[in-house]
Every structure is written in C-alpha cells, then in structure tokens.
Amino acid sequence: MMRIAYLDPVPEEAAIALFLDELKKHAGPDTEISYHTLEKGADNYEYQVYETCMGPLILDKIRKLEEEGYDGVILGCFYDPVLEAAREMCKRMVVTGAAQGAVTLASLLSARFSLLIPRDKNYTHMRDMVVKNGALEKLASIRVLNIRVLDLQDSEITDRRMEEEIEAAVKQDHAEAIVLACTMEAGKYEALQKKYQVPVIDPAVAGLKLNEYLIRCRRDCGWYVSKTGTYETPSQEEWASYQF
Amino acid sequence: MMRIAYLDPVPEEAAIALFLDELKKHAGPDTEISYHTLEKGADNYEYQVYETCMGPLILDKIRKLEEEGYDGVILGCFYDPVLEAAREMCKRMVVTGAAQGAVTLASLLSARFSLLIPRDKNYTHMRDMVVKNGALEKLASIRVLNIRVLDLQDSEITDRRMEEEIEAAVKQDHAEAIVLACTMEAGKYEALQKKYQVPVIDPAVAGLKLNEYLIRCRRDCGWYVSKTGTYETPSQEEWASYQF
Amino acid sequence: MMRIAYLDPVPEEAAIALFLDELKKHAGPDTEISYHTLEKGADNYEYQVYETCMGPLILDKIRKLEEEGYDGVILGCFYDPVLEAAREMCKRMVVTGAAQGAVTLASLLSARFSLLIPRDKNYTHMRDMVVKNGALEKLASIRVLNIRVLDLQDSEITDRRMEEEIEAAVKQDHAEAIVLACTMEAGKYEALQKKYQVPVIDPAVAGLKLNEYLIRCRRDCGWYVSKTGTYETPSQEEWASYQF
Amino acid sequence: MMRIAYLDPVPEEAAIALFLDELKKHAGPDTEISYHTLEKGADNYEYQVYETCMGPLILDKIRKLEEEGYDGVILGCFYDPVLEAAREMCKRMVVTGAAQGAVTLASLLSARFSLLIPRDKNYTHMRDMVVKNGALEKLASIRVLNIRVLDLQDSEITDRRMEEEIEAAVKQDHAEAIVLACTMEAGKYEALQKKYQVPVIDPAVAGLKLNEYLIRCRRDCGWYVSKTGTYETPSQEEWASYQF
Amino acid sequence: MMRIAYLDPVPEEAAIALFLDELKKHAGPDTEISYHTLEKGADNYEYQVYETCMGPLILDKIRKLEEEGYDGVILGCFYDPVLEAAREMCKRMVVTGAAQGAVTLASLLSARFSLLIPRDKNYTHMRDMVVKNGALEKLASIRVLNIRVLDLQDSEITDRRMEEEIEAAVKQDHAEAIVLACTMEAGKYEALQKKYQVPVIDPAVAGLKLNEYLIRCRRDCGWYVSKTGTYETPSQEEWASYQF
Amino acid sequence: MMRIAYLDPVPEEAAIALFLDELKKHAGPDTEISYHTLEKGADNYEYQVYETCMGPLILDKIRKLEEEGYDGVILGCFYDPVLEAAREMCKRMVVTGAAQGAVTLASLLSARFSLLIPRDKNYTHMRDMVVKNGALEKLASIRVLNIRVLDLQDSEITDRRMEEEIEAAVKQDHAEAIVLACTMEAGKYEALQKKYQVPVIDPAVAGLKLNEYLIRCRRDCGWYVSKTGTYETPSQEEWASYQF
C-alpha cells in the first residue's frame, strides 16, 4: 500500500469533494490517497508574488507529510510551486507536480500537444512549465480560455470554451493531445477525451500517476532523486539554526 | 495483474536467466513478466543495417504479443528499435523502450546525467536517443567504455571501466545520475549505485517500470497513445493487402 | 558517365513514365538515370509500420544496385526510408533521399521556406525531416493539402490546393521558397515556380541533383561518407552469418 | 539623484563594509547607494530550500523599500532570489539581480564568457541563470572553485584558485570575459581584470550599473517593466485579503 | 559630461531635426548628444548590398569620432551596420546599435515582445537581429507594416497601421512589449505607449540609453569590450599598411 | 561548359599556383576554372575591420564577373565575406563560399565533424559559420592550430600540428570528419585524408564543388536563389543613383 497526499496549496477546503473523487477514481488499487490544504494563504496562483509568499507554507507542509510517513505528495497546482526545493528537501518521499505529471505524460503519449490555460496573464509562465519538462519541441500551441481560475468550475461557458479551443488545437495547430493546464479544470477530462478522441490530460490525476510510478521506482529498484549536486539536502542541524 | 513481455530483439536465448532474474526482482507485485526473443536475426545492434533488417521481425513479434493479450512489451535494446512504428501499430498494448525508460527516469531523478556507452561507433546514435526523449539539456556527457556489446557481461575489465567512467562523469562532467546505455550492462546497476551514491539507471528495468506506469495510466485513467496523427493505426484491411 | 538509379520504394510500376520523364529531363548530360521499384510491399508510406516492413526490401535492393556498379541511388520517398542504414552499408555508391535533396537545396536557395505536405497524419514526421537536415531555423511553415498521397496525381483539386497553400505560405508565413514534400507531387514544380516566382523544389529531382553532386565529390576529390563511427560498414562475414 | 538600495538577502551585517565600499566606489555620481539586510533568515543560498524560505522576507523588504521611495533595489545574490515576483510586485521601483546584471553585461562586452562558481552543488542552478538571461550561446564554461560561499572572502586559497580557473577558462575554453558568479567574490574583480586583461565582472557592482541604467530608462523615457501579462501587479485589495 | 554621437548612416541631413529632438529629449542630464551623417551613400538599408557598400564609410566615420574624443556612438539603423567590426576597431569609445539597444531593453522589460517592421523584404534579417541579441525565446512575433522605410514618417497610414499591428501583437501573439524595428519610426513611441499601456521601444533612443549605460560601466568600473579574441583590435601599423 | 571564377579576396597573387593547381585538379570535366584577386586590400581576414573594408571591393569584383558572363564565383575565404549581399545582388551567377561549401559537405558526409582553425582570435567567428550553415548539432569541436593564416603554408610545424589536432578530434571529440577551416590550409587534405581515413574537407575545393552543383541546379532545373524577400535584388536605377 502506498500512502499519497494530494496537497491543494490553498487554504479553503471547498474543493475537497471535487478533487478527492477524481483522485480516488483514478488511483491505483494499492494507493491510499488523501487530500490536504494549507492553513492560510491565497486562494489562487495567478500572481507570482502569491507563489513566493506561499512557498514556505507549502514547504513546511511537505516536510510534515514526509515526517508523517507519506510515500508521496502531489503539488496540486499547474505551476508546481516549490517543486525543486521540495525535491531537494525530501529524503524519501516522492514529490511530483501537476504540470510535471501532465507534460511528462503528454510527451509519452503524443508527438505534439497543446495546453489549455485559463488566462493570458500566465502565458509565458505556462510555456516555461513545458520548457522545464523538456517538451518544447512537442508543444503545438498554448490556447487561452479567458476564464479566471476560480470561475472555471462554475462558469456556464467553461465547457463550450474548452471544446472550441480543443477543436482549434487539433485542426489548426495539429495537436495530437491536450493538456488541461490548470488543476481547476478538474472533472472534465473524460468527457472531452471521449468526444474528441485524443488524450486529454488532467494535471491533478497525471501528478498522481507520476507519483505512483516514482514511488514504485524507489521501492522496487532503489531509484530516487539524486542527492548529489542540485538536490543535495541541507543538514538538519544547519537548517535548524536559521530563523525564517 | 498486468502481463508484460520483455522482448530481447535477438535470436539466442542465452541471456534469458540474466534478464529474467533482473526483471522479476524489480517488477511490481501485480506484474507478470515474461521473456521473449526472435526466431532469427543478428545478435547485436551495433550496425544500423541490422536494426533495419530486424525491424519487421520485431514488429511481427509485437503484433503477436498484442494478439495474445499482453498488456505491455518492453523493447530490450537501447536503440528502442521500431518503437515509433510499434506505437503506431498497437491499439491497446503499451510499448516502451529501454532508452525511453532510462532517459525519462534519469530526467525525473536528476538535473544532469551521463550515458555509459559500449563503443564510440554508436556515439551519435546514442546522443539521438537523448534528443528524442527531450533530455538534451540535461545531458552532462557521453562516456565510452570501449568494450563490445557482446563482451560486456564477460569481460574482466567491464566493472573497472564502468567505475572509472562513472567517477569521471561525476567529478569532471558534473553528472548527478548515470544511465547504463546498453541493456547488456544488466545486473550491475545496484552495486554501482551503492558505491557512487548517485542514481544508476538500468535500461531494461527502467523500460519495465515505464511500461507498468503507462499500463496503469491506460487502465486507471483511459490514457493511451494518441491515435490522431503520428500514431494513427493503419486499417487491418489495407495492411493485410500488402506483401512484405 | 555516371549511372544513377531512382528507387521508387513501392511495388507497382505505374508511375514509371511520370518519374522517368521528369528525371531524364532534369538530369545532367553525363547522367544515365534508370527507374527501379521493389518486387512487393505497400504502395504508400503514410504509416510508419509500412516503412519498417519495407526497410529490408529497400536495403536489399540498394545492396544489389551497388553490386551492379551503380554510382548512386535516390530514395524516391520524402521520408528517405533507410537512408541512414544505406549510407552505413554502402562502400562506394552514393545514396541520397528525396527529402534530403529538397531540404538541402531549399536551405541553399532561400532564407526561409515552407513544406507542402499531403495530409496532417504526417505533420510531425515531415517536420522531423527538416530537423534531420539542419534546417529547422529556416522552416517558415508546414502547409497541408489534405489530399491522400495516391490521389495527388489524379485529383482535380490538387493544382488548386497547391496554389492556395503556396500563396498563403508566401504571404502569411513569409516563405521565400516552397518544398513539395511528397514525391507524388511530381511534374508540377515548373509551372508553380513560374507562376509564383519563388523556387519550388521537387524532391525526386532534388534527390537526383544532390546525388550527382556527391558522386562528383567522390570521383573528383575522394570525398565519401565517413566510414568511422556512425557510418562504419559491418563486415560482410559478420553480416552474412545472420538470418533475417 | 537616484536612491538605490543594495539588498544583501541575509541577516548578518558583517559584510556591510565590504559591499558598501565596493558599491560606493563604482556608483554613478548621481547615485546614493545604501546597504540593507534582512532581519532574519539563512546566511547562505547554497540550498534551494533556503531560497524558498527567504522569499517572503525578501519580497516584504522590497515592498517596504518601494514604499520608502527608493528608485531601485539590487538583489545581492547570484541566484537573483524572487526577482520575477519582485518585478511583478513593484510599480515604480527598478529591481535588478546580481546575476542578471553580470550576465547581461558579459553578453554585451564579449562573445564568449565563463562563470567562476563556488561549489559544484550549484552547477545546474548557475547554468540556469545564464539561460534565463538569454546568454547560453555565449557560455564558454562553468568553472568550479571548490570553496564554500562563506569561505570565499577569508580563504587563503581563494585568490590562487580564481587565477587558476581564469587562466584555464581563457586558454582552454576560449573565454573572452569572466563572470564572478557569487557576490561573495566581491572586491576582487579589479586586480584580476588588470592581471588577465579580460573583463572580469563583479555581480554586485554589475547589478548596480544595470539598476542605474533601468532607472534612467524609466525617468528619461518612461520605459518600465511591462504591466501586461507576466508582470501585471495584483491589486492591493486582493493581496491584502490574504494571510501568509 | 559624456559626449555621444548619433550616427545616422545615410548622406542626407533632412532627418536631423526629428532625431535630434527625440534624442535630446530623452538623453541623460550629463549627456551631450550630437547628430552625424555620412558624406555620401544610399538613403536606405533595405538591401544588403547597400549595407556592404556603406560599411567602410561608416567605419571610417566611427574611427574619426573616436579620434575626436567622443565617448560613444550610436549606429542609427535597426540593422546595426558594422557593429561587430566597430567594436573590434574601437579602443575606448562605446559603440551601440539601435537594434542592440532596443532588443536588450525589451528583453529586460518584458517576457515576450513583438517587432514592428516596415516591409517583409527584411523579415529574416530582422529576426536575425533578435537572435544575435539573445532574445529569440522572447520573440512573440514579427509584424509587417507594409510601408517603405522612407515613407514611414510621411505616410498617412503609418499611425493607423502601427496601431493595428500593436493591437494584434498584444491580443493574438501575447506580446507584452513592442519594438519599433526601424529608426524611421522615430517620434511615435510615447503616444503608442500611452495608448496601449505596454512598453513601446524606440530603437534610436534605446541605442542612446544603452550607450550611456556602457559608458558609465567603463568610466565607473573599467568594464569595456573584451580585447581578447573576437574583438581584439588590429595594430595601427598593420592596418595602415593596407589600401582599401 | 561552365565558367567558374575562384575569387581570392586579397590583393597579392602569390598564391595563384597553389590554388589554381588544386582547383583544376578537382574540378569537374566540364568546368573551366580561373583564379582572380582584388587590386588592393588587406592580405588576411583575421580582423573583422578588414572584412568590412574589403566588402565593396569584393562586391564590385563579383558584379564584374557576372557581367563578364561567369556562371559561378567562389569566395576564397572561410568567412565567406559578403556572401549574403552577393547572393542578393546576383541575378544569374551562382555565388558560394568556402565555409558554406565545406560545412555543407561535412554535414552530408558525416554525423559529427571538427574544424581546424588557425588561431583562437577567430574562434567565435568560425563557430558562427557552422551555425549559419545549419550544422551546429553536428559540430564535435573546434581545434586551434595556433599558427597565423599567412604562415600556414610555410611553417615547418603546420603538418605536425594538423595531425595532432586531427588525432585528438577523432579520438577525444568523436569527430567523424574534419574541416580545414581556412583556405590557406590548401594542398593538404588528400594526404591527411589518406592517413586518418576520415573525410578531410578542403574549403576552397568544397566551395568549387558546391558551385558546380548549384550551377547545374539552375541550368538543368531552373532552381536559383529566391528573389523574393531576403535576396531580392535592388533595381539597377536605384543602386546607380547612390554614391559609395
């Protein structure tokens, strides 16, 4: 059994049902998935300042999850906030990000894919997530829904806009797969995938599957993040000596 | 339970014990792994002409494995022969390659890695495998053992040469992980990983773990290779009408 | 006199008149061009599985052509099937591909060019041909005719579609030259070039001109494909010992 | 007169004399430079977790500096911590980073340069700073001093090691300029530049010069960071509503 | 006080008022700016042959300006003619180009920008200016006004066309800043910047600000173009021995 | 018969025998090759200022050669001076450069090659020639002889140094072909090629072979440099109206 935490890096718990259902539905049979949030912070990541301010809160939460014995944690936001620092910090627990999971999988399942992003404010930041995950050569396009993150679940136009942009991505940009580039597009991938007959990747679920995979690599083969160089962990003593 | 075939794309079966032991040892608890070879063909892939000549034999074998109900097949050679065509052909079975598995994993576990290749004859071909898998930016170096593929298991100098090159990769090239870039380097990764304390990726085993992951993505989430565009399968009728 | 074979890597010979006329018309005065096909195989390369299955047939044919004393052979398909393996195999004969010829020439005659491809099924494969030939920086666009390869010669709409897409490539994509990215677009380049006053490159003819050039490099200067590393030829003895 | 703050993003003030002297010595005649630190935090950035934990402290300090009417602030660390978020947050004040200043200037003064970094732990992170500033094509090499950041000023071997690596960079890697890739290499550039007769760029001072330049662009021409898209500032109301 | 020459590399002086006003308006308080032209030559750079033919005239003028004690010279054309050679020739004077200034600044003020160019004749040449200045990753688009260089100031449609293309760049291409990619677009940036609320960079003025910045780097810090390798100056004796 | 001029873009004619012998020896049977120089100018291109100053002289000479009815001209210097402008100017004559010829051919004959350059002064300039010709991905290394251009023919150490660097390129850098990256390395390729059994490309001869190839493309197929966009020729009237 592997215990995996989904960390929705926002304070409110309103979205718990939505995500927990989706994650449980698609988890492996030996996965025990739980849903976690922060105690405080912003309710969105549309601005980089929020990401910076929430960094220590997320990192602290991840630290506790590792101490509690979790096998893995998924960062539930398409910016994969603090992913690099968390991989440096952890010594055993697997950390994956929603974007990392989605872009890695889209690269494995297609030769060319498009992102569906909420607003153009985040266009270059989203493109960076593709670059970071080594998939720029496979990026067909980034298409903008023009819907705020917090409205994605409730807006009447979300479904229509997603369909319009998927159609355009496939026909005009020659996309062979679609990445829903915001975790708040949750709950929608299966219907879209069925309708358009191309892989439509949900980032929260993709983050989970990547997490399961990397936990198995560690358990079955002893393969874990390199602790030489980039991801070397600071000593507990040194770290404890600092005040943040 | 997932049934996965390891296809050693060579005729002889001498290596069966070596690979089967390694694969069984590192397979997931719900994986049933079996070992397969071709009926004829060359015993190595050092030349591209052999890869071309064996292409139809491999493809035919994969077709049969899918018909027999296998969930996945691993191409047991670091050139991932016919991987692209096999992904086009298959409709349900997951096909992964040894290089694809190893390079994908090394990218996920480190910021920079080196390949250990048998001979310089294959230098540019090996580099291409890294490019294809989107990891060129993370390639620290390609280091050459100067040992023929078929001698890797038996040579007295293999272990020493691997150690020398891993040390150089880590110290001089700032590698944070190592990819053993030939399936015939099998059985060696664990000792090397323990000694050098960096991830040392065995490609056969990495191909297996990637396969398990992608089978789970298909089973649990309905995510499979896009059948639009690059990997669209030809119709059985059309294909059957040809003589090869 | 240089004897060059055009290898149409398909079984039927229906196209012989079309290609032979075009090639003879544009061959150099000291070139003796002949037309060859395979004895069996698929009649198109729209699927990668066909390319794999036909690989050994093409390679075998090329081997015989070299034994028969040909100076060069042109692979008559825009995917340049088995080009790399054939260059590894041959010791004296020059092998060129249609895409290699067309992309090389378009790069030499313009700062920016577009491809006209039959169907979007092959979009990423075609783009790869540009990458392989070092011209990605010069690629203005890939434009799709939406006509199947086998209909290109007969369809009533082919000419109109080609004109529409060339106009769009020049005006919208700032293309300065056009590559007809399928050998079945044969016989059309001269009229299009005259009408649009930009170089319009026919791949079969471009493969021929590149072949003549490389034969002269070998004859006049002793320059031939490097036999160190990537294109080192396997020994006849070793190869003969295998069964494919 | 332009008021510029140098923010040494660490708690202790021990280094004040070193930096303030260097900055005053090289500031423009109309620049009033002051030295600032944080109230708490780590004393180094060798680990990404420290950078994450100090993010909000730095951002808060920058916010106050803008409120106090400073024209510019320099982030005094070669990782340019929170630079992107700070540029998003600020509405008038110019924020520059030490790496941004050094890499931009080295690109303007040479066709090829090398970095001198303290330890190999940070090799890939340092390389990323070059990529972010659009200069990868000009990077000749990254050379490692093998001295901890906090020992750079005091170690007896620092000068010797810097000289050895500069010589190697120029002779072996064809570097035409050198970037001292840590602000703790302060106070050393002039002697090295004189000795080796190539530009040797100090990052703290380079961050200052870039800051002066961008302040003048704003004052004289109205050019400031784009507030459309990537660097759009969140509304004060929204931000104030969050608890971090 | 720094004496900076703006070199409009054309013979006529008709444009003197236009440029001199703009430059004086935006120069720093300690800058003395003067306007210079050539004695003969072409009145535009739409063709590369003109750029070649005017090369020696420009270089000679720059040589004289350095002898006369100027601190800096700005090449007043978006192709930055002879910039590389001039940097090699000069030993003290700072040489900057209009494109270099504009592209460097746009990269520092935005994550993504578009060029507005006069005619499509120069599309690839303009793109090269972005590549040379390390900003290709930030290029959102190149948009064409379809107005000849010499008509830009007088045409009734210039303003309308600029507005149309800026709107399209921001909305369709996700540009966050605009570069006016021809010095003859002078006098227009402020109104456009005010209207569209994104940085609109004038290349002549940007060339000036970059020049001031680099003069200060030299004066305050001793940083000047590397005289090792690429920009090593030939000896006066050797040069004087040649006849051109 | 095709009349091709080799333009040694320097004033002295001392080298005539050396080059003319080499070119005649390797020209095609239907090629009439002649040797031309400038009336004045520098005797080397080690500095970019010389290249600029000689630009109009070279262009004027090329213009005359086209008027005299030559079919092609080869720029006899590895910097391919004024190549782009000359391709813009000419309407019928084929212009090729020594670097263009050598790099194009090395890319066609190998998967990876090294340059042998005279001095490190020109390291980045030489690398640019590889980039311009689309071959950066195939560049194994640039190796420096440390011999001045004008000493290459006479120095006692030239042969030894070339051999040392070729050996190192093949063994250490995995080069599969060598480009002699200076026309003054003339007369040496055949012996080196024989000794090391890899293609050793002489740039003057390679420029000739590329020229012959492109003349045949024009004669036999009507393919010539695109006169739309980048290489559009200015009108004779406009050009004639200028004074240079």
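Letters A, B, C, D, E and F mark the chains in the order given here, with residues in each chain numbered from 1 onward.
We adopt the following convention: a residue touches a chain if its C-beta (ideal position, glycine included) is under 8 Å from a C-beta of that chain, and two chains touch if they have at least 3 such contacts.
Keep in mind that this is a model prediction, so the values were computed, not measured.
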Based on the averaged CA atom positions, which chain is farthest from chain B? E
If I average the CA coordinates per chain, which chain comes out farthest from chain C? D
Inter-centroid spacing, chain C versus chain B (mean Cα positions, whole Å): 31
Once you find the CA centre of chain A and the CA centre of chain C, what distance in Å lies between them? 44
Chain C, residues touching no fewer than two other chains: 111-112, 120, 123-124, 174, 176, 229-230
Chain-level touch network, classified as line, ring, star, complete or other: other
Kindly provide every pair of chains that touch. A-B, A-C, A-D, A-E, B-C, B-D, B-F, C-E, C-F, D-E, D-F, E-F
Residue positions on chain A within touch of chain D in the complex are 11, 40-43, 46-57, 59, 82, 84-85, 88-89, 120-125, 229-230, 232-234, 239, 242-244
Seen from chain F, its contact residues with chain B in the complex are 111-112, 174, 176
Sites on chain B touched by chain F in the complex: 120, 123-124, 144
Using the touch definition up top, name the residues of chain A that touch chain B in the complex. 26-30, 100, 104-105, 107-112, 133-135, 137-138, 170, 174, 176-177, 190, 193, 197-199, 201-202, 205, 209-210, 212-214, 216-217, 220-231
